[in-house]
Amino acid sequence: MSDNTKNIEEKKDKFLAEENKKRIVTGPDGVQFEVDPLQDYFCDKRPVAKDPKNKVIENFLNWARAESLWVLGFGTGCGNIEIPPLLTPRFDAFRYGIQMRPTPRQSSVLIISGYLAVKTLKRAIRSYEQMQNPKYVLALGSCTINGGMYYDSYNTINRLDYYLPVDVYVAGCMPRPEALLSGFNKLKERIKAGRAEGANDYANKFDWYKANQKKIIKDWNMPDYNW
Amino acid sequence: MENLSLEIVTLITGIALLLIGIWGLLTQKNLIKMVIGFALFDTGIHIIMVSIGYVKNRTAPILDQAVKTNQAAEKIVDPVPQALVLTAIVIGLGITALMLAFVLKMYQKKKSLEINNFNDLKW
Amino acid sequence: MNDIIVKLLWTLLGLFIVLNWGLLMGATMRKIVARVAHRYGIPFYQPWLDLIKLYSNRSSISHGVMFYLGPVFRLGGGLGIFLFLPLIYGSEHFSNFSWAGDLILILYFQFFGMLGMALGASDGGHPNSVIGITRGLGQFTTVEVPLTLAVISIALQYNTLSISEIVAAQQGGFQNWTLVTNPLATAAAMLSLLGLFREAPFNLVKAPNEVPIGPPTEYHSAFLGILRTNGALLHVVEAALFMNLFFGGATHWVEFIVKTFLVYFWSVFVGVVSPRFRIEQSVTWFLKIPLAIGILAVILYI
Amino acid sequence: MVGPLYIIAIALGTAFSLGFFKKANRNIPYAIMFLAIAFMTFISGQWLYAFLANQQEAIQIFTAGFQPPFSISLQMGLHEAVFVSMINGIGLLSALYLYEQFRDKGVQMMMVFILLFMGLNVIIMTRDIFNLFVFLEISTIAIIGLILLEKKEQAMSSGFKYLIASGIISGILLIGIIAIYYYNGTLFINDIISSNPLLLKGGSVAVFLTLMAIVLELKPFPVNGWALDVYESAHPGVGAILSAATGTAMLFVLYKITPFIADPWFNMIATIGIITFIGSNLLGIQQENAQRLLGYSSVGQLGLIMLVIGLSPYLGDNYLFIGFTLLISHFLAKAGLFWIAGIIKQKKIKNWSVLRKTPLLMVLFGIFILTLLGFPPFPSFFGKWELVMELSNNHQLAWIIAILAGSFLEAVYLFRWFGYALKKEIKETTSKIQFSKILPPFLFGITSLVAGYYTNIFQGDAYTINYLPLALVLIITLIDFISAKIKNSLAILAMAYYGFLTLPGLYENDFIRFIFMAIFIGGGILTLIAGYAYQGKRKGFYPAALLMFAGLGGIIEAQTTLQFFFAWEIMTFGSYLLIIRGKHSIKHGFSYILFSLGGAYLLLMAFGLMNAQVGMQISALSDINTHLNLIFSLLAIGFMTKMASLGLHIWLPGAHAEAESDVSPMVSAILLKAGVFGLLITILAMGAEYAQHSTLLYILGWIGALTALVGNLAASFQEDAKRLLAYSSIGQLGYILFAYAMATHLGWVGGFVYVINHFAFKAVLFLTIGAVVLRVGTHKMYEMGGLIKRMPLAFIAVLIGIITLSGVPPLSGFAGKWFFYHALISKGWYFQGAVVLFAGIIAFLYCFRLIQSIFLGQLKDNHRKVKEISIWFIIPIYTLIIGIMIFSARPHWILQPISEYIAPYFGRELTWNGSTAIAEMGYWNGEWIMYIIGVMFVLILGWLLYTNAKAQKVKQFNIVYSGERPFTPETTHIAHNMYAGYSKALGFIVEPYITKLWNNMSDAIVQLGGLTKRIYNGNGQTYAFYIIAYIVITFFLVF
Amino acid sequence: MKEIIQDIKKRFNCTDEIEQSKTQTYITVKKELAIALITHLRDIEGFTHLVLLTAVDWIENNQFQLTYMLNNPTKKIDIGVRVFINRETATMDSAHHLWEQMATYQRELKEMFGIDFPGSPRLNEPFILEGWDNIPPYRRDFDTLKYAQETFFPREGRETNDPAEFMKKKMYPDEEK
């Protein structure tokens, strides 16, 4: 156990929200028992990498996946303003099989659209983990690459790939929708080539990612993996 | 005054007494006065009874020298009302006495003879 | 026994046609909507890709047994309607299992899928699912009212509730269609159809901006795949039901395709140009003009 | 044979001899007095025996050896013997009961007491009218003496009022007697009768005054304030004597002088009687003081019997039977109730819950209340029945209505009282109860039961009632102290035995009755199995449950309307006892019994009207030819109270929701079918010709449709699971009403599908929800949630229940919908039908709400460790589910015979081809639908399992929450006010208009009572005025 | 405006009047009188709108400067009330009873500057710094660059340029400075 995780374990109680603390509950039959919300209400299994088996079938499936990119409507930073134009008649992302989904369960692409505050990162991680394998991360703007103009901020991450497996970076501050479309095309290429295995990477290097995440998310008060 | 034979007089007296008695019973708030009213009422009834049994020019149904047993059927008035009235008087007396006893007891309990003070039980 | 197997094979063929037509029709409609908005729109094969993707997702989660069974019920509902509905008039092969029950069976079989879906989605434990379902059920109750009256009206008109016989009675040209012979019932039913298909203005159930897509919030991967399959199937089957009842049925597949397309197009057409109703608005809407039309339709045939 | 004169002799002798005893010595005088009364009782009993056993002639006794009119004569005949025995019997028991009081007060009281009974004896026996007056006065004085047993000031003042009043009355009587003598010349009653004083000039006034005085002695409303005060303030033992003994004696006097009054005066007596009956019962409603309430009740009962005497010209040969059964009921019950009041020493009826500490007293209390109300098997039941029948035979409908209205008012306060005794929490503990006090009411209670039985025997063959089930109930009652498990087994055995006795025969002869009997017996056994889940003794449960089932069985078996009504009342009372067992049921049980009684009285009226035409055979119902609409309307409304149709439904939700977990299915799934059965035989009796063109049925159809709509809609807006199911029952019964009202072949088959389905799924749902409630300890749905993880079996049961309920294929609910659609189109009830179908879809709302709020969604903290529902619930539930499955797959097994049964009545609209039902407009094959759906389901599930084999199981908070996480299960579970939007749109339909209407009505009655009771201002003088005014007004009304 | 200033100067002993513009004036008041002054301004002088509450870290003077910016919507004038508080103790009286939104400002100051407002609702709930365990980041003794470099895995090879210089160099390489 690294110092950091130890640190977090110690502080867990301090940052634990009231409703997530362990409590004694009386059942209807009068028997008292303990409820530990983090244990009882959340699944604490680790993610499992699911490697493709048959090459030929997988190529076909990857083609289908690439042509059917469902994007989670989650705007993380100022870059989110560039996403709605994608859907307008001018850019019309639908023709590339791109559509927005309101729930991470059904989405396959998470767009990190710009700088990520630590607080937002926590939500982004949660959303990412709730998406289903295979899933892809598209990072927009300099901020996700090296912090951009917020490189020295006390609260903004510098590089996203330490926390989430990024498939494609789209540079710019901010990148225009055209650049975004180009990024999507890049992503499609990667998927079709079978290189966009971010979900499996995340599962395989889970401890590393978690350590990085926990380093900056100091009030880590959730299960390690948000199913 | 010729029409006013004895039985009519007594009958009227009886009815008058009866009505006076009822009037007293219904208007007087004093318990004692109510009892008196009742007594008048009772007496009125008794007089009515006697008057009903009266037959003109006959005597009381007492068999003595004046009235021989063999003439009794013609001489005396109807004896039954007389007998009845005796019983009725006794009973009336009994009731009046009982009433007075109650009045006494009630007075002892509440130190009052006002009928309006004795309506705790109602509705 | 042999008969049954042959029957099953034909039914599977019908299912294959209907399913693919449903997917294609969905894509076409989306393309039409896109063109209305001056967009290019999705490629016509997009629904197939989406389905393949969903079925091939590598991971999935389950909230419980009922959550797992929900989509099964849902597709069962759609498939059931398909099975009990004669598709092509006069075709022995494509009348499916319609001898097991009449129109009433189909009307009530709609609930099978709805109920299962409602239960499955609620088992997911997501509040938005339940909100969506309550809205959906509430809206559905009044959607059915004009439809019921329309069904009564045509039952009176044709003196039967057997779909095959209703279609048979409409043969012989345009002038024999219920649309012509009983326009009021048709109108009431077509207004109900708007609610059945849940396009705007009656799409509060899905309401993407308020409760993320309502009931299927938690559904994903193969679950969602099944739901989408059902969606495609159901659109065609419901349209086919209306086609059979009001538009003379279909004697061959081309007619089938054209007519179901037009029926579905009616709902999309209204949806494209409409805003969205609140739930109490949509609940009461069906109890106003559509109900009045339905009552008139019945009165005319008493 | 000891001569009756010895009664007087002994009484007088004892009274005088008691005077020799010192005040201090009390036991010996008491013994002497007791022996004297015992001997008096013996003499009278001996005469009674002589008359009954040997058919002896009545004897005349002439005092002083002269013939009347020259001497006082007494008569001892059968009637006199009966009454004297009653009087002396109650005297004996009163002496026993008042033992302590006698010891306190000493010899004088004993003298007064024995003189009172002597007086009453003579009053009954004497044939001399003046003698009557004398002994009347003696007993009055004696009574007033007894009032002084209670030393309170209130007793004093009420005694004084009593004195004033009886003084005036005796004055009137005296005038009347003397006037009779004046016009008649005789005091001998027999002579008066033969001379017929009314024909003489002025004789009628004399008779009027006498009659009025005697009537006034019976305390007619509103001239009875003093008597009520005495009832309230006197010792309860004295109250018993005053009400039972004196009242009885005075009634006999009235009976004795009836031969010389004329017809219009009978009407006068009847009017006075009915005014008294209704008036005092009306005032009883608001009464909180137990003894005063009993006083009102006494007055009311005496009024009723006065009414019977007044109506005697209409009653024919049955006059004495009716009068006597009512009188004996009043006699036994009122004395018993007064005695109980004396035992528990609670003034307020709200405090009578202490009765529950002594189960024997509670049972006796129940017996007396039922005896008063004319519930079977007590004598007054038969009396009231005959009364109504005879009145109806003579076309006296108005009197019937008035009597039933009065009875209803009486039931209101008696059942309110009974409810308090059964349910109010016990505040004080009662002291030890002496044997001498409990013996008299106990004996009277037993007598009530025996009297009821012999009354029925006395009535003859046409009135045979199967007492076997009641005997079983009695046995269970007697062994109430043993463990519930044993009683449960015995109850199940008893039910099974009953089923074994009846079912095979019914299956052969009458398939419809067989279906209902099977529902009653089978459902009963299944719900009783759930009773094994309860620990302890469950006191009172089994008698009540078996009583209800006995009644239900009796309804099916009934051949005559009497048997039917008998069983109906038994069933009503049994179910009332069951319903009121719930924790908060006091109010609901009350409204249930009132609605049921109201309905029962309507039935009674209908049976009366029917009896006048075709007699009592139920099968003869179809022969009636006049008043068709009236009779059928009465029957329909009567049965609809049990079916909880719209307008008459307000008792149901509370009653069903608050009942115990295994009682709810009994009263919902099973009991409601009694109303359905009644309606069914009614419509069958109408015959197709009448039924299919009847406005009544048309209206019923609409009521059914609206009931379904309102019931289902209201169910959707409930927060309480059991209340939801209760409203759902209302809705479902609305369907059934609608179906039967159609009176067509298809409609009726549909109705039967609904009856069977509703029985099955409502039993499943109520049992399951009840079992869940037992586990989680709350009814509120929003306090549950996510229980599917803890109770999968319960979930499956509810799932199947709601699928059946909502009519989704392939389960049998769909069959109902299918028949409905076809039936309503063939019948032509399109719009009603559309309303019903709309209601059917609304059912989805509450079905979903039920299952989602309880089983799906988020599991609550405190339910994380609850267990699966009890095995004793699972067994009946799954038995029923198997039944549903069989019925769904093979509907023709049951529906085909039913279909065949109905076809002759309404014309065939449905044929069966194997398992395919073919109607004119369509077809349906339940079996194949089941197969197709089954295969399809398996295929899809297989496909899903193939594509989605390794789904990760997650926990309840692993849901997408916009990047956040849920806070607590409570805030994440959508259950409270679930259909807010929907209620905004359609909630106006379920505003409680009808509840308000009934509330306003009952408020108005209570207000009326409240205003009327102001006449009793407590002032003796006012009461005296009332007497005078009453006589004057009556005089002017009569002459 | 002038009158108001004169008036409150007298009443509340205000100093350092700075008239930024005709409609905007700043004054300084002692910590003890600050809440009273604000209440007075709100209730008597009609400054019913709280524009903002902000802080400046005068680390040199070991002081925090709080500025309550108030607006009088009828007269369309603003007044800024400045209060200096000790940087070590960093406590100020809460004014959430005057404006509900004051609590939000105070919460922010607590989170970013560590200034305590005892009694203010939800004061310790963070807006953005969930789980922050360092000194408050807006204090000038907090070195954000150092913190970011230690914490956020800076990507190697990053070059930082002044945009004006960089673009000038790139677009007009010939021009000399």
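A, B, C, D and E are the chain letters, set down in written order, and residue numbers restart from 1 in every chain.
Going forward, a residue touches a chain if its C-beta (ideal position, glycine included) is under 8 Å from a C-beta of that chain, and two chains touch if they have at least 3 such contacts.
Remember, it's a predicted structure, so these values are computed and weren't measured experimentally.
In terms of the stated touch criterion, chain A and chain E have no partners in common.
Once chain A is taken out of the picture, touching joins the leftover chains into the groups B, C, D | E.
Two chains share more touching C-beta pairs than any other pair, namely C-D.
In terms of the distance between Cα centroids, chain C is separated most widely from B. Chain D has the C-alpha centroid lying closest to the overall centroid of all protein C-alpha atoms shown. Ranked by separation of Cα centres from chain A, the top chain is B. Distance between chain C and chain D, defined via averaged C-alpha coordinates, is recorded as 54 Å.
A straight line joining the Cα centres of chain B and chain C is 100 Å long. Between the CA-based centres of chain D and chain E the separation comes to 80 Å, rounded to the whole angstrom.
Work out the mean CA point of chain C and of chain E, and you get 60 Å between them.
The multi-chain contact residues of chain A, meaning those touching 2 or more other chains, are 103, 105, 122, 227.
Shown for chain C are the residues in touch with two or more other chains, namely 59-61, 212, 217-218, 221.
Here the chains touching each other pair up as A-C, A-D, A-E, B-D, C-D. Across the complex, chain D meets chain B through its residues 130, 133-134, 137-138, 140-141, 144, 153-154, 156-161, 163-164, 167-168, 170-171, 174-175, 177-179, 181-182, 187, 225, 228-229, 232-233, 292, 1013-1014, 1016-1021, 1024-1025, 1028. On chain A, the positions that touch chain E within their shared complex are 11, 15, 117-119, 122, 145-147, 151-159, 162, 212, 215-220.
Per the touch definition, chain B reaches chain D in the complex via residues 18, 22, 25-26, 29, 31, 34, 38, 41-42, 45, 48-49, 52, 80-81, 84, 87-88, 91, 94-95, 98-99, 102-103, 105-106, 109-110, 115-116, 118-123.
Looking at the complex, you find that chain A touches chain C at residues 48, 50, 61, 64-65, 67-68, 70, 89, 92, 94-95, 97, 99, 101-103, 105-106, 108, 132-134, 199, 227.
Chain D contributes residues 775-778, 861-866, 952-958, 960, 962-969 to its touches with chain A in the complex.
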